Amino acid sequence: MKTKFDNISRRRTLGMLGVGVVAAATALPARFAIGGKAKVRIGTLLPYSGTYTRLGQSITNAMELAFAQAGGKLGGRAIELIKIDSEAKPPKAADLTNKLIGREKVDFIVGPVHSGVAMGMAKIAREEGTMMIVPNAGANQVTGPFCAPNIFRTSFSNWQPGHPMGKVLLDEGKKNVVLCYWAYGAGKQSAQGFKDGFVPHGGNVIKEIGIPFPKVEFQSALTEIASIKPDAVYVFFAGGGAVKFVKDWAAAGLKGKIELVGPGFLTEGVTKAQGAAAEGIRTTLHYADTLDYPANVTFRAAYRKAYGKGADVYGVQGFDAGQLIRAGLEAVGGDTGAKADMIKAMEGASIDSPRGKWTMSSAHNPVQNFYLREVKNGVNEVVKLAMENLSDPAKGCTM
Amino acid sequence: MSAPILSATGLSKNFGGLNAVDNVDLSCALDTVHAIIGPNGAGKTTLINLLSGDLAPSSGEITYRDRDITALPAHRVSRLGIGRSYQRTHIFPEFTCWQNCWLAAQSREPSSLRFFRPANAALAVRQRTEQALATAGLDSRADTIAATVSYGEQRQLEIAMLLAMEPDVLLLDEPLAGMGPEESVQVVELIRRITPGYAVVLIEHDMDAVFAVADVLTVMVDGVVLESGVPEMVRQSTGVREAYLGVGAAAADTGCEL
Amino acid sequence: MDWLFLLIQTLNGIQYGLLLFLIASGLTLVFGIMGIINLAHGSFYMIGAYLAFSFTQMTGNLFTAILLGIPVTLVLGYGVERVFMIHLYKRDHLHQVLLTFGLILIFNELQLMIWGGDPNGVPIPDVLSGSLPISDTLSYPVYRIFLSVVCLVLAGSMALVIRHTRVGMRVRAGAANRAMAESLGVNMRSLSAIVFSVGVTLAGVAGMLAAPVETVYPGMGEQILIISFVVVVIGGIGSIKGAFVGAVAIGLVDVYGQVYLPEIASVAVYGLMAAVLLWRPSGLFGRT
Amino acid sequence: MPSRNVLSALAVLVLALAVVPMIGDKYWIKLATRMIVLGIFAMSLDLLVGYTGLVSFGHAAFFGLSGYVLHLVSPEDAAANMAWALPVCLGVTALAALVIGALSVRTKGVYFIMVTLAFAQMLFYFFHDSDLAGGSDGAYIYFKPILALGSVVLVDLGGSAVLFYFSLVSLIVLYAGLVMVLRAPFGKVIQGIKVNEHRMQALGFNTYLYKLVSFVIAGTIAGYAGFLFASIDGFVSPELLGWQESGIALVMVILGGMGTLFGPVIGAIALLGVEELFRDRALFGFIAAHWQILMGGFVICIVLFFANGLGGLLVKIAGRQSEER
């Protein structure tokens, strides 16, 4: 016995779902990218939430500064910036990259910070052929086995920053070293970079202490280091981990007894949080606040004026990403269609960067100077040029 | 009295210092109702839990059809043919009475690890369910949600589920608990009707019911069997009077019906 | 690798275990005693750390910062209980997991909007900033010893309150059988509010006390969330003593794993939990 | 068994989805595929949470594991043939589900939640720390799997539309299969276990065995979803096995409606749809930058006001589930 209720409920259900279908259809945007004089669409996939938020903000700020310095036009075309929060979550990387390329129809994608996200992005960028500029993620693979004509990097490969520190220590006769690092992608690659510059020239790595990422309980490692008493300790930690390790190092009384060195991320942008514990720590990086290049002076002044705080290495990398895009577009008069010429121009570009002039390696990774720096009252001051025009070995890149 | 189908010898269970069941011997044959009475805390329910496998005994042995089942878990004991009901109603409230009984009936299938044929297609299970509900007088309530039927009917459902399992031994743990007088009579009648063909171990406080159906009577106090035998003999025993009416009551011989 | 090294590492393990107990103390109350799965525990820990950071900047002293922070976390805890948790006492664990999962998203974003993304540090108070030399190269920070003492005091007082006071008895009764406790005249509505806000405050205070030895950065809550549950579960639901033993056990396993079996260090803690639960399915001291 | 009305409503939903590849571009196709694949994943979790009463907080372990196995078996220069690659992925996942299940199912209630979380975290750190498959950076599947008999390629998952329809058909087949299993004797037993496990033991069911079989079935289906997910973008990372992913799956189950099987599929579609909406600057302006607050609020509203989820709502609107004898 069919009650009235049944008929109504069915009609209402079907009606409800019908409306759903129509709504879904109309919501599909039908924006078309008009070639030529329309705006250049640049999409950023950077962390605007979570642990790496500040890096995402620094890169974006500096890149917009570069565009502003170009008068807001690249190759004669105005710029539209589409920002998407990567949340530094690799599983979402491919989906969000699809959104930038498929839905927002961007000409360039800039990002990310996290290496796992970079792998996801690069996979889609290689398939779609969209121009991809990596302003930070240092995974060797991006300009190694997975290098591609349309993928450029303006930061570093994880192998590079730690490599010069090997020579620095050997020059000072410090032969017995302990390595202590977060045992994940970036940490292992940085340790390998250091070893490649240290062991072949007579350095001896007594022990490697791998700490699971992102654990920040260092007491047991510090105790081990204290008992081994090496000449120096090379560490790889960044962000919150770097702050804690340096403070724990001082609290354990090792400061002044055993030399603590590492790539610049140990003290870059975190000296305020580390306080006195950071004083005197020497690191090697492709940038230092006190570099006296004219480009650096004007950049830092412009950045402070625009954003009211000091620039950092992540800002420099974002600024150079902006300059690289500018170089490419200006070479082809803004015609993003002429991809081959644009790529050739970007490959040949010599970037006048706050970190000093640098050029692109064949694998599209910066060939750049690395400086020895030391923290003096909260500032990473340049001590000397540690290594000139260091290029990443780009193992596995067949480009 | 045919040979006992289920027997326990020297059965004990202690929780820390407390000897809930202390060296109890008990047996039950087919077509007999072995009633167990005793004050609260005498260890009756613990004893049933030992027989059904819900609790593992501290010592002693349980044999069923001459097979040692002492260490078997509850679900193995149940599959062998020892079904039990619970003092506190223990059913599937969200399911209909039919579905409650269906699960009991389906438990007799060789294995329910079958994924393709619809469960309802099993005719044997359907018949067992219908028959159990009919015997328990619940067929009119088949499609109502178990939680919504009366308390008495839930107790009947518990017995229907027991029957649907087609066991040889019925362990009834106070089936009349919380029942009004008329409902008790109805359930006692049900127990009397269904006992032929089963070995029944009945735990009950309702003396009228016990003496109405029991073939063998055992009195337990503080985990120990005080007296066991034919109901008439047990009724006269002095020990039992003292246990129930307090020390010295036997002497006064107030002649009150036990 | 002499015995001194082993002794110091054991001390490190115990100290890390005590810190874990401090961090998980709020959860021991809310999840252990009240049986509410509160995934937002990490967020309250983070909020406590950021409060310590802001108030220390304002007042220049960690202890005044903590005194200012406690009322804020009490109000926050009470508010969250009254608005959200009140609906969950009769719901099953799944709804508790999801509602508090939603709270994590909200608190993480609010933190970013209020404090921004930079990693911050909280200076160790001068009076406790020294360190005791143990060997020629290694010395032990006084603040970590102070933290360990605070943890021991906290553990003792929690056990005392829960075990031997009327309030404690009511809380345990409420957790064991909420309906029965209510029928016996225990006002579970206000008691739950009090216990939850105390639990939130404990998490906040843990954040404030740990801030000087940790880094205050976005998403720090998630780092300690899972390990806090591991502490409570290994110890056994409803047991303060269990959580204490669980925390110290994890501290030792973590340190020894790190030193002697580095490859499986990260897996060791979870292996311990799985092993404990399979050996005693309701934790070391949990009520079965 | 869902009533005719609910089935017709679902049919309309499937039609609505099937239209997407015809009108949407590659982005919408991939988003719709992700919805369907996560729908299969959430549906497999509902078999545990909604029908067996096992609240697993580590179900993503099987989802991610299958993706990683696909990476390990996929050659770098050619597409793996699903004819053998899929059975291998599902076999390894089923074995993992058997081992983890055999241990976890011994515990109950909150402890089961925590044990499953522990095992998932162990698998997460295994792939995160070891160099077996790219460690924390994740790894590629260079060529997406194909289904080929001999040299004849029947299905190439490389094509986004092909993968979409393959996933949609898989969803329908798996849904029908699960409905059948839930009507079969096995389905009756696990639903009984959810309501009153102790009573089921008294009735003679070895509840441990049935819970374990249910755990393995759910884990294997989650592995199938993981296989498809890895084929969408050809990229797997340890975070696929993380506890956040398991948490998202639980949100989908509750959002969609626990114990309805189709509910979690609606939950997956709704959750991804809502996230897409909240992130869209056109609709939410500056708040879009803080979309996580909206998402948090959304999840809380679902728990507080829609306790039996959208699926439950659909059942209420479209008429009660027919109580068959």
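For reference, chains read A, B, C and D in written order, and residue numbers begin at 1 within each chain.
By our rule, a residue touches a chain if its C-beta (ideal position, glycine included) is under 8 Å from a C-beta of that chain, and two chains touch if they have at least 3 such contacts.
Since we're looking at a predicted model, the values are computed, not measured.
Here the chain-to-chain distance from subunit A to subunit C, counted in touching steps, is 1. Remark: among chain pairs B-D and A-D, A-D carries the greater number of C-beta contacts. Centre-to-centre, using mean CA coordinates, subunit B is 45 Å away from subunit D.
With each centre defined as the average position of its C-alpha atoms, the distance from subunit B to subunit C rounds to 49 Å. Averaging C-alpha coordinates per chain places the centre of subunit C 33 Å away from that of subunit D. Contact of a single residue of subunit C with at least two other chains is seen at positions 108-109, 112, 266.
Among the residues of subunit B, none is in touch with two or more other chains.
Residues of subunit A in contact with two or more other chains: 49, 183, 212.
Within the complex, the subunit B residues that touch subunit D are 52, 54, 73-76, 78-79, 84, 86, 90-96, 98-99, 102-104, 106-109, 112-120, 122, 142-143, 161, 165. Only residues 180-181, 183-189, 192, 195-196, 198-207, 209-210, 213, 323-325 of subunit D touch subunit B when the two sit together in their complex. Residues of subunit A that touch subunit C in their complex: 49-54, 56-57, 183, 209-212, 214-217, 219-224, 226-227, 229, 239-241, 243-244, 247-248, 251-254, 257-258, 269-270, 272-275. Of all residues in subunit C, only 1, 5, 8-9, 12-13, 15-16, 108-109, 112, 116-121, 123-124, 131, 133, 135, 137-141, 143-144, 213-220, 223, 254-255, 258-259, 262, 265-266 touch subunit A in the complex they form. Subunit A meets subunit D in the complex at residues 5-6, 9-10, 12-14, 16-18, 20-21, 24-25, 28, 48-49, 83-85, 89-91, 93-95, 98-99, 101-103, 115-116, 118-120, 123-124, 139, 141, 146, 183-185, 188, 212-213.
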